[in-house]
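The following pair of complexes shares a single chain, chain A, combined with chain B in the former and chain C in the latter.
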Partner chain A sequence: MATYFSRRNLDFLLYEVFHATELTKYPYFEAHDRETFDMVLDSATHIADTLMYPYYRDVDRNQPELKAGKVTVHPKIKEFLTAVGDAGLIGASFPFEQGGQQLPELIGSCMGFIKMAANNGMMYIGLTSGAANLITTFGSENLISTYVPHLLSGKWQGTMALTEPQAGSSLSDITTSAEPLENGSYLIKGQKVFISAGDHDAVDNVVHLMLARIKGAPKGTKGISLFVVPKSRLTDDGTFVDNDVASTGIYHKLGQRGTPAMHLTMGEEDNCYGWLVGEPNRGLNYMFQMMNEARIGVGMTGAAIASAAYYASLEYAKERPQSRRLNEKNLLDSPQTMIINHPDVKRMLLFQKAVVEGSLSLLMECARLSDLVHVTEGEEKENYELLLDLLTPVAKTFPTEMGVRAVSEGLQVLGGYGFTEDFPLEQMYRDIRITPIYEGTTGIQSQDLLGRKMTIKNGKAPRLLFAEIAKTLEEAQTYDELKPYAERLRKETGRIQEVTASLLPFAMQGNIERFLMDATLYMEMFGIVTVAWQWLKQGIAAKKAQLTLGDTEDAFYESKLHTMKFYFHYEVPKTKGLATRLLDTEVLTLETGKEVIL
Partner chain B sequence: MATYFSRRNLDFLLYEVFHATELTKYPYFEAHDRETFDMVLDSATHIADTLMYPYYRDVDRNQPELKAGKVTVHPKIKEFLTAVGDAGLIGASFPFEQGGQQLPELIGSCMGFIKMAANNGMMYIGLTSGAANLITTFGSENLISTYVPHLLSGKWQGTMALTEPQAGSSLSDITTSAEPLENGSYLIKGQKVFISAGDHDAVDNVVHLMLARIKGAPKGTKGISLFVVPKSRLTDDGTFVDNDVASTGIYHKLGQRGTPAMHLTMGEEDNCYGWLVGEPNRGLNYMFQMMNEARIGVGMTGAAIASAAYYASLEYAKERPQSRRLNEKNLLDSPQTMIINHPDVKRMLLFQKAVVEGSLSLLMECARLSDLVHVTEGEEKENYELLLDLLTPVAKTFPTEMGVRAVSEGLQVLGGYGFTEDFPLEQMYRDIRITPIYEGTTGIQSQDLLGRKMTIKNGKAPRLLFAEIAKTLEEAQTYDELKPYAERLRKETGRIQEVTASLLPFAMQGNIERFLMDATLYMEMFGIVTVAWQWLKQGIAAKKAQLTLGDTEDAFYESKLHTMKFYFHYEVPKTKGLATRLLDTEVLTLETGKEVIL
Partner chain C sequence: MKILVCISNVPDTTAKISFTDNDTKFNKTGVQFIIGPYDDYALARAVELKEQHGGTVTVLNVGESESDPQLRKALAIGADDAIRVNTEPTDSYFVAAQIAHIASQNSYDLILMGRESIDFNSGVVHGLVGEMLGIASYSPVMKLDITGNEAKFAREIDGGKEHLSAALPLVLGCQEPIAEWKIPNMRGIMTARTKSLAVVEPVSVDDSTVLEKYALPAPKGSCRMIPAEEAEQLIALLKTEAKVL
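So, the complex of A and B:
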């Protein structure tokens, strides 16, 4: 079987970079140790190997269809959902009392990585666990007991139902309405679009975590409430009846075809009931919990698809003979060399590896922070929270935007064959393209980073980040080989500070449009530097291992250091051009009186 | 009908930047004037509007199939080929005596642009006219009279048959064999892969311009000859018989599904005849004529798809309301604004426009050079030839690599809708991805640029280019608004010279691998600067028009100047990072004794 991820690399990140077992010192995680961590990763790998990876192509070629109001998905989906439910993987990070395994997110995120690398078209369970988590955190006891066990068993599907046709990314404009009834529930009416796994026949019920406005609520985001709106609702006599959530459309998509994206219409027959989660008008706040999880999940999907693409390209490059080495072009009698030996091909492969392993490291950093938020209190907790909030849009964006490029380079490695359906690269190229769009486009993430996360609490979040980076820089000083890279990273953080300082005055003047005009380029620069920090952390862990093991020839650690260097020499220089643009005062994308006709 | 290209922009480039009518001063083109130019462009537009653009989606969804050795294509293809044949568009740039219209390539390239923007899945006729041109230039009278009229009428299909499964980009390793027969023809045996339009039922015959080795020929590229190998061959009694060219496979592809890509097997029954074109063992030299044309044609396809994507995104962005302006976020009662007013969306649209119009300008520059090569002699001709040779790999690469990114940004403008089959962006995203691969990958083009074109005749070609750029810089001095951009371009050409000078010593030492290690990054830098030159030329033409017309408010010219500025402020700074890497001495992609395991 071809490889789609490296367990060795996951273990390196888990135990040598992020010291996963240290989390078990906290009472909440004390039931665990490396053995239990390894066990769940083995279990996830087994399911990925047997029920996901072999069907990667098949779920794409047999996409969901909507006929007479019913959505049919690939028959393997049901088998898969049953297996992950039975193995306890949907609720792996839920508390014991909710039927979970109380595992750290750090481990959960690795499971997500493995599964999405195996077959990102089967992206059902992240939505289910996110929905269950939202109910568990903010819902009533009654909602929890009615929904959560069925969701965690894989028998019911969870969704996040935010987007509406007229609103798109602008949640303040959603109009789905909720009218309070005497029995405490609400009558729901409206439409939602692009609802992933929004309806299908592999589960007995679909539970939508849906944003809607209670009649008379304030305009904008402050009048949005969160509801549980099931496809089938439980009646007082314990039976289920149809809840008037109609599948009125299905999107045929470029990729991720294994999972349906639905257009849903609620209350066409005035018979759609919803149950309020938490308090009225606080829905968007609650939803942000699921959205932040989902953003990191999408980042992970980007890294995972890029991982599968990397190993597919690597395998091809090691086995495909073509041409001779550039210094031996005229030796026509010698056999052709494998294309991995051509510098341009090796460059593309190193780029893929640098993106995959750098992204994964950043995402695991976020997962670890989320665990620390969970088990700490007071200022410590607040600091972890701020840092996580700052890194979340970056962890959504870098792995997806750079993942798209990495998969494209992977396709290029295969030349004409990469463009054909004989190899999986073309599908990966299609699949990954949604990741910089859903759960908030790159533009939205970038405005969030520069417009909110850099400025809240007077810039405390970036100060915390730079303090973390400073710790890494100090540790790197121990190793001569790493010193120049530490110095480079130090300069790069200075560059971010310089650019930020040049933009903040626009925010202070209230000219938000000017402030955020090039937020996407700011994000690109910020992401490159953040991942450079992750690479230096990996470099330190690799040097440490080499010294401990006394074996400087270990190929894994050598390759880590080599890829770190590649990242610093090939990717980091891009910040120069970005900073040049960001410091440039010429305004070209704002209205300026003189209308520019495009 | 939605727009897929701008005729106004074509006219601007043709008559205000490249002064197309000046070509009519040469005797070869004297039969033409602006009226005849406009007539053929109108004719091409009419065919594109009626027979190509309306079937863009349809030819993709009903792709060619191979059944029982027969290839069926979309029924509209035959109608289209008949129409372009009847309108004389296949042979538009052929001499009158060959049945052509003796039109400049400059006009021909615009026709190609229009057609590929309308429907790049119908990419049949570029191959046919390329094949006919090769026969006309190097073939015998007999070959010309037998094949060329049928090709130009659209009744027969031409192909270029180079690639073999075991050789890929390495043409020196092709093994298709040709055994001389007593009657002057050759017995052909071998396999070819990825042959575009290599077999189909919309024509009566397919004529392959095929590379093969005559038995006993030298190894490598010096033993390759060029043959005409038809699907059906003409016998002495004037009838056609099957020529034993079997369609043994069809590729199912990510995009460009309207045109079949074939796996062909010649001589399975020892009954495949070929006719030598020109002299033995000079085949690759001849084929380079068709390859160079095809490279520019592929660049044009990249620019054309990016053009169609730009207008599709632009239309969406002007009509899609979403959210409020960033400075008016809290005005919830005000209507939503059109997304084109969001700076990030405008930035993406300007990027698309800058890539499309910059690429098109570079490609038309090449077409004009090709016309000048045709009508001049002696040193003048040689200089035009050198300049065209230098620019060809750039004109293949910039429009395709940047075109991929531009289409991706276009898809991003549509958000989730861009990922669905309800809009054409997803198809454009698939279609354009082949363009940096076929007719020589970006890696191959980059080695050609740095390894050959920069060094032949002691670097005469780049000296000629820099002299051309210097003329543009001087002209720009006339306009205050352009002076800073001229200064910037001057610095950028200096940067290219600095980087080149730092790399040439490796070539002199014979260390070609080190010399060409990062050729692809060199190409990226070179392309950015070359297109900056094209933008400055357009800026000059726009300023000139504003002064002549006395109307500085003309929206077209304002938009030209604005887009030029956008290109200089957003794209040109990328050369800083590229130059940093290219001047960096750390070697990371060559074998260094210590094997790096990927």
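So, the complex of A and C:
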């Protein structure tokens, strides 16, 4: 049974903090109830327990190989893809008409968490459902019927093919070209790098959702279109032929080695065809709608790896005897104590737990918002959309950046053994490192937060967020034990407002570089406070449960409240230092006219 | 073919077990429940037999409403309808009497269940049900095929297997590898909501046992590592400390 995540915690967040069943009051989700949600999570756990977790190490040690243009992956990948396809889990949240079961994203995101905690090296299905989602949302009937059923069955792989050697963070510099043909398709030519699951032998076909420029299109982001570019294309007589997408390189990576990252070359023989998705030159817009989801998915991967690391190090700390307690140092005849009894080890474990459960809560908040965007209308919808837009870069960044630190502490708990291949922590440490990089680096997310999301619609998004936080504060004030934490969080929101107000004038003066110079530090502060809000929400739910239980003790809730307090006393104070820097007028990273980095 | 599968609602194998009310009540707080793992094998085989031969699979539980999620799961896996006898399953005789009562009202060709539940592990319900209904029962059955009115099956015996055949109807207590556990797929999960789950009241049965109290086994001691080259020390410890030699 699963030791890489806590189902109890997932249930707590789903039903006691986010009241997941309330979504079923909306007609779109009315076919569901708590039992369907629980069964979906049970099925995902079963697949994770039997087809993912046991192969965590194995897929890392037996990396994909590129030989004579063919990519082979671990044999279990095919079994896994077939199982998730057969279980109908790849497109579970798609509408009924498109072969899905209208499962709320809130539940879908928990499935993602479980699977990535079990084995994040098997990235495949998130990419496939993302690609299928793009086709169903923006593609023609013909594209939908040709590709989507195969993708949802797990027999074909979907990818997101954006990055090029000269265009990583800067997608406006994409040069892959698309030349219109008379039959309505396009001739594609160019190169893509780092394409995850970009080619492999566990599927019959690979379908790239690719950004390219139609010949003569405007420069920059306004000239980018989205195409379906399959590895094998369907001909008029119903057979499949090679579509001239060559695997010209495979990256040897630090982590997530179960999934190949491919260098692809399209159109070397002028025989690569693509099909336009939606309208010309709208590609980046379409992709961005999907990227929000993908960013939350990457945040979820960060939280999930940190969860697996937390439970691995917790187990170790309970069983490893070492040293005597600081107050018993001279009692050399007494047996050694378990390391979990040392305050410093406790601190590392509580830090991990605070990061994992705080991140997960923020990610589930985002998933619930995306469900609400789906089922509401008018101003209500717009408000949910704005809140989700604001929180997305934070939900990508906090769980990944803090996740890296949490896994590092997990490794530290194991001492020297953590650094060896005898324990999984070294792999988790390698695996999680990519998460602050792909789907937009932390630097890019931070500029998005401060440069766009804080200012769109005259700052309406942060106003909505502070209003939500105020609701939580009000509720927290009704519990004596939570009052001091509500007060602290209120002060922290004030700090964010003060710092934001001090930076905005630079934007108004058009000095964008000065405005965004320390955006990453701003993000760090913003993330700490946003997750403090999530912890207070969890504190309220735990307090409520304790009052209902009366005299019956439940260690789970006690541990929740304890971790909430830990977060407020150990992590929240860090905002002070960050704010000090952000308000500092000394500028050291802008152009000074002198060489200062030697 | 009409198949009845009896399932128990048991704590997950990793659940922390504790008791309340002077050790007379199992503390269910925070415990996750599952279909008894052996019952789950029986259910999986029943669904496969239905796929091969047609017919229906009814799933039955003697228990209170907290069992409903497990019945729904069985429906999602492929059972056609469910019955819950609405009562606390106090002991094996009581449960067997409830099952026999339901079975006597419907003529089932096969009554399958796990070889034992994993909470109280009495392992006698299939035998009792067979006796009450006057039909043959076998356990633990690890392979099962049906041709016409005849069942061919294998039973685990000390050090091997025995291969048997018998005419239907039969009551069988099942175990692995009779089938592989099935997980509900999305479509099954959604259609389970539309299938019937009938709740019926129990028949009265004389109390045969009275529970006095539960007790947990003594906690496991910590692990001690003894280097391979010091086998003599190991033997001494097994004699003097563990007292197993």
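We adopt the following convention: the second predicted complex is superposed on the first by the 590 of 598 C-alpha atoms of A that agree within 3 Å, B and C clash if a C-alpha of one lies under 4 Å from a C-alpha of the other, contacts with A are read in each partner's own complex, and residues count from 1 in each chain.
Here, a residue touches a chain if its C-beta (ideal position, glycine included) is under 8 Å from a C-beta of that chain, and two chains touch if they have at least 3 such contacts.
Everything numeric in this text was worked out from a predicted model, so none of it was measured.
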If you stack the two complexes on chain A, which partner ends up touching A:I434: first (chain B), second (chain C), both, or neither? first
Once the shared chain is lined up, is A:F556 touching chain B (first), chain C (second), both, or neither of them? both
Per-residue touch tally on chain A - higher for chain B or for chain C: B
Going by the contact rule set out at the top, does A:D42 touch chain B (first), chain C (second), both, or neither? second
Thinking of the overlay built on chain A, is A:L226 touched by chain B (first), by chain C (second), by both, or by neither? neither
Partner chain(s) touched by A:M262 [first = chain B, second = chain C, both, neither]: neither
Contact-wise, after the overlay, does A:D33 reach chain B, chain C, both or neither (first, second, both, neither)? second
Chain A residues contacting chain B in one complex and chain C in the other 556
Considering the complex alone, what residue numbers of chain C touch chain A? 12-14, 20, 29-30, 32, 68-69, 72-73, 76, 181, 183-187, 189-190, 192-193, 223
What does chain A use to touch chain C in their complex? 1, 7-8, 31, 33, 35-36, 38-40, 42-43, 46-47, 86-89, 92, 101, 103, 319, 549, 552, 554, 556
Within the complex, chain A is touched by chain B residues 163, 166-170, 172-173, 193-194, 219-220, 251-255, 261, 314, 320-327, 329-330, 332-333, 336, 340-347, 349-350, 353, 404, 408, 411-412, 415-416, 418-422, 426, 429-430, 433-434, 436-438, 441-443, 446-447, 510-513, 516-520, 555-556, 558-559, 562, 565-566, 569-570, 573-578, 580-581, 584, 586, 588-591, 594-598
